[in-house]
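Common to both upcoming complexes is chain A, partnered first by chain B, then by chain C.
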Partner chain A sequence: MRKVVLLTIFAALMMISSAAVAQTTANGTLTVTATVNGSIQLVFNSDAAGVALTGSGTNAATLAFGNVSAFGAVGAGVVRTTTATNFTVSSAVDVQVSKTNSASANYTLTAQLGAADAVNAWTVGGTPVTNASAAGQRNRYQQHH
Partner chain B sequence: MRFVLPLLLFGSSLMTNGWAQRKGSSKRTSTAISMKSETEGTISVNFVSAPDGAALTGGASGQRSLNLGTVSNASGAQIPNVQVQKLPGRFVVTTRFGMSIQNGSQHATSAAVLAALAVPDTAYTFRLDGIALETVPQLVQGQARIGPTIMHRLEIEVPTSLTEKNSQLHNAIIFQVIPN
Partner chain C sequence: MLKTYISIMRGAALAAMLLCGGSALAQTTATGVINGVLINKNGISLQFDTDPAGVTLGAAGTNAATANFGAVSAFGPLAAGVTRPSVTAANFTVRTIFDVQVIQGGLTSTTYTLTANLAAAAPTGLSYKVDAVTLTTASQTIQTNAGYNTDIAHNLDLVVSTAAPGAGGPAVGAPITTTINFTATAN
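Moving on, here comes the complex of A and B:
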C-alpha cells in the first residue's frame, strides 16, 4: 500500500511538473531557394616587360604605344623589329582569367579589332586578328599572355 | 489513497483547464488536440516582404518562400533587393524580410525567437542577423517585441570553390517563438 501511495504521488508530481514547463510556442518556416551560376572574369594587367596599361586590373584597359617609327626611339616596353619592307612593334600584356563556381578547366580567349585596319597587320599571342571575326585559342585559367 | 486521489485530480486540472487548454474552448476531444489549439490560438508568426528585401511568395503567413533567384560572383543578383558582396574566396548574398509575432490572448509583450536550418548544409553558410544558423535552434532575439514587424537580415555565404554540382540552394529556416 505504501508503495502504491508513493508511486501515485510521484505520478501526480510528474503531471504537475510537465504542466508547469508546458508553454505555448509558435513556429514559422521560411523556405529559401537560389541558383548559383558559375562565372568567369577577365582583367588586363600591365606586364613587367611591356607597356604600362592605363586601367590595369580592369576589363577595359588602354595600351598606348606612343609614337612609333622604323628607326626612331620607341617608348618603354615597346619591342620593335625592322625589316627591309616593314617594321613591327609589340608589347607584352597580361590577360588574367579567373573562374568561380565552375568545374571548367579551360577557356577560349578570342580577340577582334574594334575597327578595320587596312594598313597594319595585328596579332594577339601570334594569332592574326581583324575586325571581321574573333580569333583565339584555348587556354587554362590564370594564364598570362 | 484518500489523500492521493484529490492530489491527482488537482494535477489533472492543471494539465487541462489551467495551462494546456484555452478557456471557454468547446473542443474537448483530447488533451493533445487541445494543446495544439492553444498554441495556434494564442501566438503566431507572420512573415512579410521587407520594402528593401526580396519578395516573399506563397503559403500561409507563417510559411512563406524566399527565392533569391540566380546569383553569381561576377554578375551579382538578378532580382531586385538582393545584394551580392564579393569577398576573397566567397561571396555573400543578402536580403531582408520582416517577421511579426502576434499574440491573441496572452499577456506577454516579448518573446524569444530561435531559428534553425531544416536540413544540414555543408556547402552554404546561412546567417540571420549575423548569427550562423545550424540545425540546432539558435537564439536570434531574446526579447522580440510582440506585435510590430521586425526586419531581419538574411545572409548566405557562397564559397567560390563550389561548382555546378552544388548550384541549387534549397533549405528552410524554422523559427520558434517562445513568449517571455
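Moving on, here comes the complex of A and C:
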C-alpha cells in the first residue's frame, strides 16, 4: 500500500514537472533568404604624381587643372607639352575598380565627355574622348592608372 | 349577508387565480447546477513581427516567419528595409531588423531569455548574426531579461564573403535559404 502511494506521488510530481517545463518555453523559426550577386565599384583616387582630387575615393571626384597656359606657370601635378600649334596639359589620375563575388579577372574602362567641347581636345590614357561615344581600354582589378 | 358572501367569493376567486398563476410559472422554469472545472494552464508563446525599419516578413505574427533580403551585393542597390553597414575587402554585411514578441499567461515570470541557433550549418561564404551574435548550430543566448507582450527589435546580419564562387565565396544568382531556430524561456 505504501509503495502504491509513493509511486502515485512520484508520478504526480513527474507530470507537474513535465508540464511546468513544457509551458515555460516557446519556439519559433525564421527562414532567411538572400540572393548574392557579383558587383564592381569604381572610385577615383589622387595619384601621387598628379593633381590632388576633390572627392578622392569616391565615384564623383573633381580634378582642377587650375590656370593653364602655353608658357606660364602650371599647378602642382600638372605636366605640359607645347608645340607650335597647341599645348597639352595633363595630370595623372587613378581609377580603382573593386570586384566582389565574381571570377572576372579584368574589366573594360570607357570614358566620354559629359558635353561637347569644340575648343579643346581631351584624351584619357592616350585615347581621345569626345561626348559622342565611349572609348575604352581593358584593365585589371585593384590597380591604379 | 349577501355582501359578505360576495366578498368571500371574490377572495376565493382571487386566491384561485393566484394559485393558478403560480403553478403556471413553476412549470416554465427549471434550474440546474453545472460543476465546471477550469484548469488554468500557464504558458508563453513567441511570434515574429515586421519591424518598421526592416523587410516585411512573410507570415508575420506567427512563430514560423520568413525574411527575404532579396538581391544583395557589396556595391549594388538593396531592397527596402535592408541596409549595408560595412564593406571590407574580405566581406560585406547586409542587415535587416525584425521583431520578436513573447506573450505569457498565468506565470509570475516577468522576463524571458531568447536563444537562437542555425537549423543547419551556414552555406559556404555566409554567416548569420542576430544582435552581433554569430549563429552556429549550437544554441546561443541572444537576449536575457527580455520583457513580455511587446515587440523587441533585433538586428539580423548576413555577412557575405567577397570571394568568388568556388573560391570560398557564396553561390551567386540564386536564392540561398537558411532557417534560424529561436527559443524563448521564461525566467
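Criterion: the second predicted complex is superposed on the first by the 115 of 145 C-alpha atoms of A that agree within 3 Å, B and C clash if a C-alpha of one lies under 4 Å from a C-alpha of the other, contacts with A are read in each partner's own complex, and residues count from 1 in each chain.
Note that a contact is a pair of C-beta atoms (placed from the backbone, for glycine too) under 8 Å apart; a residue touches a chain by one contact, two chains touch by 3 or more.
Computed from a prediction, not measured in an experiment: that's the story for all the values here.
**Q** Mind working out whether A:Ala103 is in touch with chain B, chain C, both or neither, as first, second, both or neither?
**A** A:Ala103: touches chain B and chain C.
**Q** Quick one: classify A:Ala48 as touching chain B (first), chain C (second), both or neither.
**A** After superposing on A, A:Ala48 lies clear of both chain B and chain C.
**Q** When the two structures are overlaid on chain A, which partner does A:Ala115 contact: first (chain B), second (chain C), both, or neither?
**A** neither
**Q** Counting residues of chain A in contact, which comes out ahead: chain B or chain C?
**A** Counting contacted residues of chain A, the larger count belongs to B.
**Q** Intersection of chain A residues contacting chain B with those contacting chain C?
**A** 19, 23-41, 100-103
**Q** Could you pull out which chain A residues touch chain B in their complex?
**A** 1, 4-5, 8-9, 11-13, 15-16, 18-20, 22-41, 100-103
**Q** List the residues on chain B that touch chain A in their complex, please.
**A** For chain B paired with chain A, touching residues are 1, 4, 7-8, 10-12, 14-15, 18-20, 35, 38-40, 42-47, 56, 59, 62-75, 91, 93, 97, 99, 101, 106, 118, 126, 154, 156, 158, 160-179.
**Q** Show which residues of chain A lie in contact with chain C when the two form their complex.
**A** 19, 23-41, 98, 100-103
**Q** Give the list of chain C residues in touch with chain A in this complex.
**A** Answer in residue numbers: 41-48, 63-76, 89, 92, 94, 98, 100, 102, 107, 109, 119, 125-126, 128, 156, 158, 160-167, 169-186.
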